[in-house]
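Below is one structure. I have some questions about it.
Labels run A, B and C following the written order; every chain starts at residue 1.
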């Protein structure tokens, strides 16, 4: 049999690490992991897409909207669908890893908690954007309103980023709670209210084909919210991960 | 050696002075706060109902203002205390800060409810509607929803250390979010014109005095409730430790 | 099979310097306490494991084994008291502790929807392993999973998952190895691999802590034994001073609540 080599790393290797670059690479490896798992499980994207689609159909039937009112209500309906579908998509990310006994391995590994947070925000953002990019043309088609404007993209991106920044933190919070999935919307929706307000208004401006100059303040506001929520998430995530292996 | 809440490992040994109410060293005991509140509340009532003049357009119903505003103020103060205590808890990991945070949040929810109900009672005769979607009202409603969520989160997590830690994280995020919510709604309102203008009060001096007395009285009430509530919480947790020890002794 | 025990960096010498070595390279716990709210799990645990030593801790359900491993693995913080791993405090310097610790828990710490190789690739980048592919191939060979490298972990038996979990723990070249109930679900191949890894690693100054409730397997792995009862180290003995029968007898006494 081949010689077994269990390398005993000398202590010096631990102190000569370059944390910043290393963290970026590790975060990337974690994003890759999330994407691979999602490709095989198809949990987040598929569930949230179907939910958003059903929500749109129900809105249309329940409200029986004519063209004029639709332009006023459309942005709100769209974001309500996105946000509830997003809760569904985010809800299972940590719960699943915890139940499968996977999360502990990440927690004992030498990876900065901020990098774990950033990676999860990025992968959640990716999944929700895929869902939203599929819903958007369907929304425009089903409701017959001209939403397929290039300026909708930054709005959707910034709005969803803010949602993921808080959502990632909170989905880790509720993963240890008794009433996990039920608790997430109760905690998350009020807190992301500013992001929803900003996104709805910005979407309305896009829909009314207002000049970019009017849209920019709202985009700036959304970006500011995102920055605040991301900063809070990076700072607090380590306290949420502590003891979250079991 | 730091024991759970300063309870000595030997059963029945009383806590020296029970660890939590730090407040008592600086400001006084629950009892003094309770007395102060008890004395201040009738005085505040007098100022609100008799001393302050009858408001010209709104009439006597405006006197709700002298309780409504202090209630809203105390709610905000209480959530600020939860925010600070949460931060200190995460940094120091001392249980008394968690006790302070949860006690203050509960009282905050109570006073937010009070402020919402009183506000509605005031709004109906004056504005003709129980509720308007004004930035301040939305923010108050937001406070109520978020801190009810805080209490729900606490009750949904069984491991007490994790409960304290997670609640602290949520308590910080929630409070940071308050100004963000307020300003986003204000921005939003600049587009959708406000139906009713706010209080629109021109306070004369006697009204201002009545308000300040009300604020002081309500703050004493808050401090009394806070020190009582946290003393109860401390005793409850100590009892849980003692019960656990008793059980283990009986087993042995 | 060759062993390279002779080339080991060294169990530094005599008995009295063992504690010193434990503070800088091994595991050291001082008055360690942990409570789940009112329930005390660890009640002032003192513990030393020097490099080159494998301490096996026996204890029943709720004795605090898993809690101790979780504290040392920087998953939870102690309520009070201190613990050092490799010279770093687990509560205040967790990021210094993590690179040098390998953990095998009764949870697998694997992603069932990734293949064996993808799992190890993820951990290779987290542990900053140089020559990742080479090291992964070597470890997969070591635990006998080379042919299953591209299979999803969820298609594997529990024994195979345990072996992969062992490979994951060894990937970063740990200086300290923490094993929590490693014998539940380990198949005979895995146990054999484990004892080989341990005997060789110990010669190279590896520090090992094993928590288990099974006397037989524990006795095979350890160089020193302890019994964890009511959150404290109730009893300690070296392998030389104690036969497996004697150990079993003492352990049973603690399990039954007698305190000899």
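In the analysis below, contacts are C-beta pairs under 8 Å (C-beta built on N, C-alpha and C of every residue); 3 or more make two chains touch, one makes a residue touch a chain.
These numbers were taken from a predicted model, which means no experiment stands behind them.
The two chains most heavily joined by C-beta contacts are A-C.
Taking each chain's centre as the mean of its CA atoms, B is the chain most distant from chain C. Inter-chain centre distance (chain B to chain C, centres taken as mean C-alpha positions): 47 Å.
Centres computed as Cα averages put chain A at a distance of 32 Å from chain B.
The geometric centre of chain A is 36 Å away from that of chain C, both derived from CA atoms.
Across the assembly, chain C contributes residues 77 that each touch 2 or more other chains.
The set of chain A residues that touch two or more partner chains comprises 242-243. Shared interface positions of chain B, i.e. residues touching 2 or more other chains, are given as 159, 161.
For chain C in complex with chain B, the touching residues are 31, 35-40, 43, 77, 79-80, 257. Taken together, the chain B residues at the contact with chain C in this complex read 1-4, 9, 93, 159-161, 237, 240-241, 243-244, 251-252.
In the complex of the two chains, the chain B residues touching chain A come out as 90, 142, 145-146, 149, 152-153, 156-159, 161-162, 165-166, 168-170, 172-174, 176-177, 180-181, 183-185, 187-188, 191. Within the complex formed with chain C, the chain A residues making contact are 1-11, 13-15, 17, 22, 25-26, 29-30, 32-33, 36-37, 40-41, 97, 100-102, 104-112, 242-243, 245-246. In the complex of the two chains, the chain C residues touching chain A come out as 1-2, 4, 9, 25, 70, 73-77, 86-87, 95-96, 98-101, 103, 105, 107-114, 118, 121-123, 125-128, 138, 141-142, 152, 168, 170, 172-175, 196-197, 200-201, 204-206.
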